[in-house]
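Each structure below is given as C-alpha cells.
Consider the two complexes below, in which chain A is the common component and chain B and chain C are the respective partners.
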Partner chain A sequence: MSDIERADLLEKLIGFVRDDLLNGQAGAELTPTTPLLEWGVLDSIKTARLLAFIRDDIGVRVPPKKMVGDHFKDLEHVTDLVLELQQPVG
Partner chain B sequence: MRLHELLMRSARRTPDALAVDDLSGGVSYRELDLLADAFAAALHAAGVTPGDRVVIWSGKDIDSVALMQAALRIGAVYVPVSAANPLARLVQITRDCRPALVVADADGLRRAATENWPRGDDEPSMVGATELLAAPAPSAPPIHHGTPDDVAYVLYTSGSTGVPKGVAISHRNALAFVTWAAAETGLRAADRLANHAPFNFDLSVFDLYAAFLVGASVHLVPPGMAYAPGLLTELLESRRITVWYSVPSVLVLMLHQGGLLDGAPPPALRVCAFAGEPFPLADALRLRAAWPDVRLFNWYGPTETNVCTSYEITADDLGRISPLPIGAPCAGADVWLEPRDGPEGEITVAGPTVMTGYWGAVPHTGPYRTGDIGRYDARGNLEYVGRRDHLVKVRGHRVELGEIEAALDAHEAIGTAAVVVIGSGLKARIHAAVVPRRSASPPTLLSVKRHCADRLPLSMTVDALHVMADLPRTPNGKTDRAALTARLTTAPRG
Partner chain C sequence: MEFGWNTEQRARYATTLAGVRAAFPLDRERDERPFTREDWLRLGKLGVLGASVPERFGGGGLGALDTARVIEAVGEGCSSTGLVFAAAAHQFACARPILDFAEPAVQERLLPGICSGALIAGNAMTEADAGSDVSRLAVTATPTDGGYVLDGTKSFVSNGPVADVYVTYATTDAKAAHLGLTGFVVDRDAPGVVAGPPFEKTGLLGCPAGTVSFDGCFVPDSQVLGAPGLGSTVFQTSMAWERACLFALYLGVQQRLLDACTDHVRRRRQFQRRLSEFQAVSHRLAEMKLRLESGRLLLYRACWELDREVGGDDGEYGGDDREYDGDVRNDSREDDREYGGDVRDDSREDDRDGSGGDDRHDQDEGREDGVLWAALSKLAVSEGVLETAMDAVRLFGARGYLREDGIEAALRDAVPGTLFSGTSDIQREIIARELGL
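Moving on, here comes the complex of A and B:
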C-alpha cells in the first residue's frame, strides 16, 4: 500500500463524512484527527451509513468484531482499518 | 429489605454462581460481594458517611457495579454518570448533588486531567476506582440499614432550564419495581441478563437488581458496542442471553442492520422487554412472529415513577393495526388519566414506585403527573399518545429541548437558537435553527457538534444545523416550534 493510495482513501472518507454525514456543513475544520465519536459525528445510525459507504464504494466489508469504538475514533483510524481489511490474505 | 441486600443474599446462597460479566471477564457472587466490601471500606476510609452522595463517572465495568453496592452498604447515595457525559455536565451534576467523592474509571481520570476538573474547597475530590481500592483502609463498617424510604440512588435526566435534574429513588421505590419485574418475567437463577442501558438510565436497574434478586448473571454491554448492531445480535447468541431489555431503537437497529431475524431465534432468549419510547408496530409484530417462544413486554414509566405499566405482546396482537398499548398498571402502582372523564388525559401515577423527589428540591408528595398524554383502547389498555411539553425522546433518551438551546446560546457564533426534533424512532433527528451573532461568521455543524460534546451527553447532540436570519415567533414573542418544524420539513435540506 503506497502513501498515495492511503491519501486517496482518506480523501474519499473525508468527502463522505463532510458531504453526507455533516450535510456539507463541516467547513474546513474536518480533519483526519477530528474525534468523530467524541463529538457525536458518528452515532449508531451514521456509523451504519459509513459502513455501507465503505462496503459499496470502497468494496470492503467490515466484520462485526471490528466494529468497536477504537476503529472509529477518527478518520485516520478508519483508514487504517480499511487498509488492514484490504490486505490480501496469504 | 434494602436494595443492597439482594446481592448479599445471593452471595450467601450461591457464592460460586456467575454474578457480573463485563465481556472481558466475570466475577462470582462471592467475588462481587468481597469487592463491594473492599470498596465500602475504602469509601468509609475516604470519609464518606451515611447520607453522602458518591458520584460514579465511568463506562460499564465490574468495579462500578461493586461501587454502587459499596455506597449503599455504608448508607451513602450513589449517582451514576455514564462516560458519555462530558466533564462540563459532570460538574453541573456535582454542583447540584454535592457529593463527598467522585469516583472515576481510568478513562475518566485521564479526561479530568486533560480538561479542567475544578479544584477548590467547595468542589468534591475525584479519585480513580483502582486508586481508591489500593489505598489502605480498615475493614468496612457494619452494613447500614437505614429505612426503606432513604434515597438509594439519584439518576440525572435532562432539565428544561439547561441544568440536569436528579431523580431521587428510594430503596422502596426500586424494590417495588424490581420484585414485580422479576416475578412477571419468571426470572430464575439460571437466567443470563444483558445490560444494554448505561447505569444512569433506569433500564439498567432491572438488569442489575433483578439478577441479584434471583442469583442470575448480568452481562454488561460496553458502550462501544452500541455502534455495532451485528455485534449485539452476535452477543445474544454467543452469551446465550435469556433476558434482553433495551430501548426499542436498539432492537429496531439490530433488526434492520444487525441481522437479528436472519437466522434462527437467539438460542437461549426467553424474555425480551423494551421501554423508553414507542416501538413501531410493524417491527414489533415482526419480532412477535419470528420468535414465538420469546415473551415480549412493552413497559412504560418515566424515571420519576420507574416502570408503572406493562403490556405483554402475544400471538393475539399479530393482526393488530393500532399502536402497541403500554398496558395496565404494575409494580403496585395506581395509574389514571387526569382529567378522569375525558377521552384523553395526562398519565398520573401514585404508589410505591414514585420517586421521593428531585434532588435538592422539596420532597415529592402525592400522585406524579408524568406530562405524558394517554388514552384507553377498547380493551381498557392504556395507550401512549404524546407529550404536553417540550420533552422529547431521541432513541429512548429523554431530551429537554431547552437544555440543548441553553447550551447553544453559549456558542460564540450563535445569537439565538431553537431546537426541534423531526422524525421518530430511528429516524428522529435533533435540528437546531440558529441566528448567527452579529459580526460573527455563521457557525458550522462540526463546530456546533464540538460545542455540544463539551456540554451535553452525546444523545443530545445536534444532528442538523439551519442558519436563519430570524426564528419564527408566536404572537407573544416566544419561539414558535411548530412553525419552525413546518418550515424545516418543507424547506430543502440545508
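Moving on, here comes the complex of A and C:
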C-alpha cells in the first residue's frame, strides 16, 4: 500500500474515532499518536465499535489473537494492524 | 433448516438423563450442601465435566450444541442445580480456556483430571470493584524471572473454596486498560494462594463460592493463557461458551418444573374440579411451555452459531473466526454486575442476490450474529426460568413455599442466572447495540 493510501486509511480511522466515538468532542486534540487506551478514548465498548467499523467499512476482520494493547495504543498502530491484515496471505 | 435430533443425539440425551437420575436420586439434604468429591467423580464418569473437550484428553469430543444437550439433561435429571452449575462453570469457564489457550504441556497435565473429576476448577475473575466492568483489574501480575507474581483478591469465585486449579485474570499493563489483562492458570497449592471459606448464598447451594487471594504468588510463563495482554479475549471466549451452553441447565430445570406442575394440577382438586380445569391455571402452564420452548430455540441457535465459529478436528477453538465482542465481562459466579456488549451496526442486507434458497446462509453473516444470539439466549433462558419458578411456586401454593418439594429451591436457584455471565440488563445492552442503537 502506498503512503497516500496509508494516509487515507489513517484519516478514515481518525474521522471515525473523532465523530462517532468522541461525538466530535475533543476532536481537535485527537492525533495519530493520541494514546487511545491510556487516555480512555478506547474502552471495551468503544473498541468493539471500532472493530465493527474496521470490519464493515474497511472490510478487515481483526482476529482475537490480535486483540492486545500494542495494536491499539494509538491510531498509527491501528492503521498498521489493518494494513497488516489486508496483506494477502502467502 | 432442520429442527429434529438424530438417533445418536436422542440416545445421548436419554442415556445422560437416565444416568444422572440413577447417580443422583432425589435427596433434598444433598441439594442444600456443597457437592462432595464423590459427586464430582460421578459427574466425571457420566461424561458431564468434559463433554466439549476432545477425546484425547478424556473428554466427550462434542460440539457446543451437543454439549448443551448434555448439560440440559443433567439439569433436568439432577435436583441439585448448584452441583450442575458448578460442573458447567468448571467446564466452560475453566476447561475451555485451558483447551483453547494453554500450552500443550498444561493441557496434558490438567485436562484429563478436569474431565474425569479428579480435579475441580474455579474461574477467578470478579473483584470487589470489577463486576460488570472488569476492564481494570486490581489483581496485578508483575513480570519476574521466568514468569509473573500475582497479587490481589478475587471476590467471588464459584468452586473457589474447593478448587484444585484456577483460571484467573490480572492486569499486566495498566496503560493498555482492557487490553492489558492476561489470563493465567494457577494451581491451588502454589505458594501465595489463599482460598476463603464458602459464602452464605441464596441459591445454587450445591456450588461453594468464596474469595481467592494471591499474595506474591509466582506463576510460570508456561501457565499464561494465550499471550500477555490477551486476557480479555480469553475471558470473552469462555463467556461465549458459558452463555451458549451453561444456561442449558436452566432449560432442564424448566422442564423439570413444567413436568412437576403438570402432574400437580392434574391431581389436585379444589372446588370439586381439577386445578387444570381452571383456565387461569392451564394458561399459566401454557406460558411456562412457551417460555421453555422459546428459550430452547434461542439457546440451540446460539450453540449452533458457536459451533460454526469453533474450528479444529475435535472442537478446539479456531482462534481467528470469533469476533471480539467488546467487553470483559463476568465469570461463573452468582452475584456479579458485569458490563459488556458487542457494538456492531447490523445494517447488512439480507439475501438480496435473489438466490432465495434454503442453502444460502452466508458464513460471514452467521459469524457476525454469534454475540447477538448468545445474548438473546442468555436473556430469554435466565429470565424465563425465574418466571417459571415463580409460576411453579404459585401453582403449588403453600407447598411451593415449603422446602419439602424443592419448588422454592428452583426459585432461589433461578435468581443468580439473571446476574452471572452478564446481567440481564447487560444482555439487553448488547442486543440494543447489535441493533445499531
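In the analysis below, the second predicted complex is superposed on the first by the 89 of 90 C-alpha atoms of A that agree within 3 Å, B and C clash if a C-alpha of one lies under 4 Å from a C-alpha of the other, contacts with A are read in each partner's own complex, and residues count from 1 in each chain.
Heads up, the rule we're going with is that contacts are C-beta pairs under 8 Å (C-beta built on N, C-alpha and C of every residue); 3 or more make two chains touch, one makes a residue touch a chain.
Predicted model only: the values in this text are computed from it and were never measured.
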| item | value |
| --- | --- |
| Partner chain in contact with A:13 - chain B first, chain C second, else both or neither | neither |
| A:56 touches, of chain B and chain C: first, second, both or neither? | second |
| Which of chain B and chain C A:47 touches, first, second, both or neither | both |
| Which superposed partner A:78 touches (first chain B, second chain C, both, neither) | neither |
| Chain B versus chain C as contact partner of A:64, first or second or both or neither | both |
| Contacts on chain A seen with chain B and repeated with chain C across the two complexes | 35, 37-38, 40, 42-45, 47-48, 64-65, 67-70, 72 |
| Parts of chain A lying in touch with chain C, wherever the complex brings them together | 35, 37-38, 40, 42-49, 51-52, 55-56, 61-65, 67-70, 72-73 |
| Residues of chain C touching chain A in the complex | 133, 135, 173, 175-180, 226-230, 232-233, 236-237, 319-328, 339-345, 347-348, 433 |
| Chain A - residues contacting chain B, complex | 22-23, 25-27, 29-30, 34-35, 37-45, 47-48, 64-65, 67-70, 72 |
| Interface residues, chain B side, partner chain A - complex | 223-231, 234, 253, 257, 395, 426, 444-447, 449-450, 452-453, 458, 461, 464-465, 493-494 |
